[in-house]
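Shared between the two complexes below is chain A, which pairs with chain B and chain C, respectively.
Entry: the complex of A and B
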């Protein structure tokens, strides 16, 4: 269940005055069961890239493989591909349309050709999984709060039971509590359903503690593709791309520069706290996380 | 997908025609169209061709863009030409049963085809070199005399520019909604007409909701800035004729004079 991109490039409106290069020579493998963060500044090509994953856009150069098959190779059903590679867009307003929440979530499974009962079962499971309480099932999706709409939108894709779930800025426009809740639920999805997650964000801070791997896009190129700790060690370069490492990275680097032997590779405030306390107690530094 | 469709088909390069006042271009286009109906002989169309080719050259827009507009009228063009060829009475060149082609018919068909094609290409030059907003400003100014007979010129122009402004936004939104629904397995392409119409519901509902919300927001923003219609309102970029506009008017009027002379002399 892996996605592989080989020398992929994408041009918008090729051959016109509005031609724009969005991606250039992208090589990327998304294996099974990974939790990946895709980070980039506005206009770096993130949104274009994720639309290549499920065949919404056709690359203008290079190939996209799903399980080793070229998705534009001819005998691949892109409709099937899309139920395997679920994509949740940034704005839930762009997909909610039904009279009530439950029916809206049933839309995906129904399109997969499932019968009423199975679709309902899947919808119920998906809604429960993202933490939408049952009393909201009968409500109009337009009456919900921003965070609830987002959950319903995620459930709408999750109900199709994809093997890979791509979420475009799922935390945009949410308050800190809503953001943490959504991210925790996404992590729970990753753990309980065992699906691959690609989380698109422009904030390292948000995703640092959740993801196993970070892919950084900069002006259509992959700038870094590594373990979060190693990506953050390039914090000076990240700044030049209009991004930033988590604030705690800066604190730890400052401490290190002032002679406190802390571990600069910590990802979260909690880890940093433990590390600093350990150093202060004289237990020494290093990777004591 | 839909991104490729441009309704305001402005082509962004810098040329003499781009820099002209929109009013000049609008009146110039009208006069050019008038000339097409004044000319009625092939030497006359030669003059029109010369004029049109020099305008295309001056606009610095690729020729292929000029002819894109023709696709829209292709069917009309075909019907017009067919009717003229087959239904004009005159010297018969070819006959088969009731169907006949006459010499006069061919001439008439050629004439109509040239007029239609030049008309579309001529107005394409205007829309390709003028942003929709400039065009609206120009029209507002040209329609100003109608205020005397209580035509709400400013309001019409404002509605037009808002509508134009929102077309690309709504197009982009349509594209995004379509993609979001396709990602959920929606199908906009197959099935019979009823299935397709039903398939549009997941697209239209979010689109309408978004359009109404945008309209609400815009109305609020305009009121917050004390918009109250055209009374006493000034423009940020008032239209002013410059030297090149006068030159353009001179050229167009001279061209029109030629066509009048051709008509009077019967050339």
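Entry: the complex of A and C
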């Protein structure tokens, strides 16, 4: 269950005065069971890229393979592809439309040709997985709060039992608690169901905390594709691209510059705390007695 | 008296079922007293559904209180006839810049507000120029807004509000949809307006890093103001903030963790410079 992009490029409005190159010569493999973060400035091509993954857009150059087969080669059912590669858009209200939450989540599996009972079972499991309580099942999706709408939108895609789940800024506009809950649930999907996750986010702190690999897009090119520690070690280049490293990375670099030999590769507050404590203890100073 | 003042402010809305029968009432704002002085930079924090946006909408009379009173520059927002003057005093910027930009060219978009107010043409151009300068977007005046980045669009939206010469600007999560660079640009523009033009700023946000430079921070929960103080006062209360579903900036959290583990670090660290200085002193 892998996606592979070979020399992919994408032009909007090719051959017209409005022609715009969104992606150029992208080579990328998304293997099974990975948790990947996709970052890039506004207009870097992230949204175009994720729509190429499930065949919503057709590349203007190069090829997209799903399990080794060219998805535009003729034999691949793009309908099946889209139920295996699920996409949750940034604005959940754009993908919610049914009269109540439960029917909305049933729509995907019904559309896949599953019978009513199986669709209901899937919908129930998906809603449970993202923490939507049963008393909301009968509500109109449009009455829900932003965080609840996001959960329902994720459940709608999850109910189709995708192998790969792509989420475009699932936490934008959520408060810290809602953000942490949704990210933890996404991580649980990755861990318990083995689903491959591609998380698009502008929060470097979230990316640092959750993902195993980071792909950085800059003006339509892949600038970095590596594990988080290595990607964030390029924090100065990331800044040039309109991005940043987590706040904690800057603290560690500042300390190192001031002669405190801390590890600059830490990604989370907990790691930073333990590392600073270990270093200061090693020097035998800095402790309250 | 402050430019924005609320006394026992309350707002209740009713939910109806399909047949028009009332299902229940929700108190979105509950007994709020507020006094914002002219020129202050105020931040409002709170989880989703805590009432922040409802409060914001009262400040430019998009909502009228069901209880208590809100005054903008001394005008009662529930008094009919003051509506346009109130909206001119208190401008509003929303989360999604795409929903508030209407012009096909940046300068037209910024000029829409003053034109709508009946400002003479010559003055409109002057205001457009000044507002675009103030947010650092003058170089883009003849660009099409839809070719701009998120941060640039949001700054155009802020310029559009500034062109109406408000005394106060309310920003409801203006950076929620922006990349890190866009966030920095917008924040810098807002701080400049506050500092240079002495515009009163009310910033609603979920990003704790953005409130560090505020004069005063209010925390809302269930329609009430539950915490209030300077950023330093608030961010020393890590556990309380967490209990309201909020966070503290990563540096503050790290300082808190190190202090708990026994290091000698002052309370309420807000910036990385403060933390690094404190650690270098203790090492």
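Following the convention adopted for this analysis, the second predicted complex is superposed on the first by the 282 of 289 C-alpha atoms of A that agree within 3 Å, B and C clash if a C-alpha of one lies under 4 Å from a C-alpha of the other, contacts with A are read in each partner's own complex, and residues count from 1 in each chain.
Basically, a contact is a pair of C-beta atoms (placed from the backbone, for glycine too) under 8 Å apart; a residue touches a chain by one contact, two chains touch by 3 or more.
The structure presented is a predicted model; accordingly, all values stated were derived computationally and were not measured.
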First (chain B), second (chain C), both or neither touched by A:242: second
Partner chain in contact with A:221 - chain B first, chain C second, else both or neither: neither
Dominant toucher of chain A (residue count), chain B or chain C: C
Touching partner for A:21 - first (chain B), second (chain C), both, neither: neither
Which of chain B and chain C A:6 touches, first, second, both or neither: neither
Chain B versus chain C as contact partner of A:56, first or second or both or neither: first
Touched partner set for A:276, first chain B, second chain C, both or neither: second
Which superposed partner A:209 touches (first chain B, second chain C, both, neither): neither
Footprint overlap on chain A, where chain B in one structure and chain C in the other make contact: none
Complex interface listing, chain A residues touching chain C: 40-43, 90, 145-147, 169, 172-179, 202, 204-205, 242-244, 246-248, 250-251, 254-255, 258-260, 269-270, 272-273, 276-277, 279-280, 283, 285-288
Chain C residues touching chain A - in the complex, by the definition given at the top: 46-50, 95, 149-151, 173, 176-183, 206, 208-209, 245-247, 249-251, 253-254, 257-258, 261-264, 272-273, 275-276, 279-280, 282-283
Touching residues on chain B, where the partner in the complex is chain A: 3-4, 11-13, 173, 176-177, 179-187, 201-202, 205-206, 209-210
Of all residues in chain A, those that touch chain B in their complex: 12-13, 16-17, 51, 54, 56, 79, 82-83, 86-89, 91, 93-97, 107-108, 111-112, 142, 156-157, 160
